[in-house]
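Letters A, B and C name the chains as they come in the text, with residue numbers starting at 1 for each one.
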């Protein structure tokens, strides 16, 4: 068994000048099928995630945002590439590092920033915060902060798709650290046993919080864990946007066809700490710098420019536009009202609140 | 009115529930095995494996899939064979089913019913527990524990109609208990307690199987001229104390009988509610009758000293009334 | 120009210590660049700037602490004059939230009993308050003497249930015979229930012992004859009045016989109030002759007559029935020679007085037999409060007083 710690292959396929070589690559196929505008749109999504999160960090340090703040910076290509394969009837579940997936699924950033600010206009009405973005109008079922459990909920929604024949597929994101707990194995067994339409996307960023992969998992090639269930699986370069898109697209098609679930292991890297207060003693600055130099966002930008899909000036204009959008989201959040006290009553806890008869007033 | 057992009443309720195509049952040994306590016997043959889903022995998975399916619009009934096994699913129940509605801003809910059983009969420590208080502790869950065949059926119907997760607690020693069950459609609402017996000297507040033992104790004491009023709470969350308090206001004396451990158990909450709202009506300290606080022994002679008996209820009532 | 503030690096961070600056005044910094190392209570970590520019001022020097959000540096034109702000607080100022220590003033100890020292259930207190009853006047029959609902209800029901209660010839409470055809069960009246409860409590909680003596009533009978001769019938003094007066005088000398057993110990009662048991149609009552020791014999007699009349008319009030410290029960008029009485809780003792009977006795140390008027008295006492020798001395003192009644007149 070959251990591949930290080997993310540095987006080689995307950076080669493939257009001139005439060989068929994810890039040429994507360009052919989607057209240049769609390729630029992926850049916009990745940059929006990047700038949104940089602003999150700033707002966090200014105490505008409370609680934990887990940033997705560096892993954008996996989320954007994978989710780009989904149809409106499909579903997304994700973990607590959920900003990127929410934006990739098309959630408006105003309610997202408002959620972080704890405002009533937040996507979860200010009740969930950073780790609990959700929007059922987009079948985005939310970020879940208990590692691994949400895989079972994803199976449940897939069961609904199967039983009610919606033709929907469920995509569920989780980290390498989530693949050691029992709920991961239960979810894989159920999904394969009942041939549920689930695409399990493991974002292997090499660390379970701050514990290195080889310290926390007996099998470091996470995709091989699917073998125990006779489940189809694959390991992909999570930093190659178009590669992710294409290979996860195959997994989605497989799941949609009714053949069963797929486990995708996307190799990627988190540029920032686990959360804001992370001294990152578990990795060296050099390691981080090495990965940063292969920033999937920068690499993709370079590809678009070099392959003449889009001039740098237009990309710069997009960046400026995004900065304005992000600033507007802060203004929106700042100006939004806070949630009302009804959340502190049964009406905030139950869809059908019942009369609570804790005390008979005549007796007090 | 028909005389049915608890089991038969539940079977009727489940058959009724299955009329809704969104409903499916997921659990261990509910189909091919024929159901541990016989409640879903014959269901697999009638409704097929798509809707009567024999699950692996994976309680977190059973509850997790049911929760997800409920979020997406199904109406799952998750059966956990014994409440002791539900511990393996507590993450799903507490961190997910109970939280999802409020944590995501009330945009979607979890219309899930989890059936499970309390019970004991020489099953030793890990198979004789009650976690009523642990479920009832959680805001976001609704917890019901009916005592009679009629309430079993009527409250199951209410549970199925409810958009929130409902923990439906049964009892292995109650399936054979008989009682009158109304004909036709009826619903017994969640969150409403009921007077199980009228009396004027003392109030016994209880629920589930302990209702039956308390009624037996009341019958015995009636022969000594002590008239016991028995209140069946039926729902543990939200807890309706109105009838119990009304009764306590009249009798000024109370015993709380619950089949779980005393410390931090359901009786602690019930007694506290009586003290809080009924302090000025208190004539003697409230007594509680519960499991002795030990892991349940296997040996019959020891087990019988741990569990609640009619004799212990009678003794507690006499103590409160200062009668020897 | 822009402020660089102390960042919040965790949800629980409130302040940070500047360990060292990685940049100095005049350095150019880019957005995202590390500028300083700070220490929180958990970690030491580099912080980055969200603005680009030249550092014009470092406000929080290395080694100082700053609150989250406080300005620690500024960017702008180097050397630009900037008015210092008070955002940086010395660490001492940050520790203002130390909880105030628990109040130093000791509060009155809260005990199991109420402020009046009476133990009562909440419903009993509420009912007593609603009916203007003093809990101290009500005898508790609950565990440890707690006043419970039914004790108050009995008083409200018009039933005299105050402290002093007759114990004389307390009915024997025996299991009823099995009901047979034609058996009539008479429901208990509330007075009957009260007697049952209170005397049962006394019998069960107070260990009784008994001391008996024969008293020669000759001198008392003679004195009474002399006193009563000129008086109208309704002014006359009875034998019982003399015995009650003797008890009052003796009790003044024996504080433990004039005591009450209470939760906290033995309560020595400040005044001597002798209750007299009075039979009435519905049972027994025991009105109180207050300050028995200091009343004249005539005063005792007049008060006794007044109380007995009130009792027979059912007009005794709470004030007539509360505060007794000792009871005298006399069944002499029925020809009873000796009997044992049950103590009225929380009193220490009760004296049972029999009939005065003509009896042959030896005269002095001689063998001559003469007729004497003898009365047997039996003291029932609570062994928790007193013992046999003390009780004997007390009864002997009563005997001495009754046999020498002039002692009570001076």
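One rule holds in what follows: a contact is a pair of C-beta atoms (placed from the backbone, for glycine too) under 8 Å apart; a residue touches a chain by one contact, two chains touch by 3 or more.
Quantities reported herein were computed from a predicted structural model and do not represent experimental measurements.
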Pair with more cross-chain C-beta pairs in contact, given A-B and A-C: A-B
So which chain ends up closest to the centre of the protein, judged by Cα positions averaged per chain? B
Counting in whole Å, what is the centre-to-centre distance of chain B and chain C, each centre being its mean C-alpha position? 43
Please compute the C-alpha centroid of chain A, do the same for chain B, then give the distance between them in whole Å. 41
So, what's the distance in Å between the C-alpha centres of chain C and chain A? 70
Send over the residues of chain B in touch with two or more other chains. 280-281
Residue numbers of chain A touching chain C in their complex, please. 54, 58, 60-63, 66-68, 275-279
Residues of chain A that touch chain B when the two form their complex: 91, 122-128, 132, 134-136, 141-142, 144, 146, 149-161, 163-164, 182-183, 186-187, 189-190, 193, 343, 346, 348-352, 354-360, 363-364
What part of chain C is in contact with chain B in the complex they form? 121-126, 141-143, 146, 148-149
In their shared complex, at which residues does chain B touch chain A? 24, 50, 55-56, 58, 60-61, 63-74, 76, 91-92, 95-96, 100-109, 111, 139-140, 142, 162-164, 189-191, 238-242, 245-246, 249, 273, 276-278, 280-281
Chain B residues within the chain C interface of the complex: 252, 279-284, 322
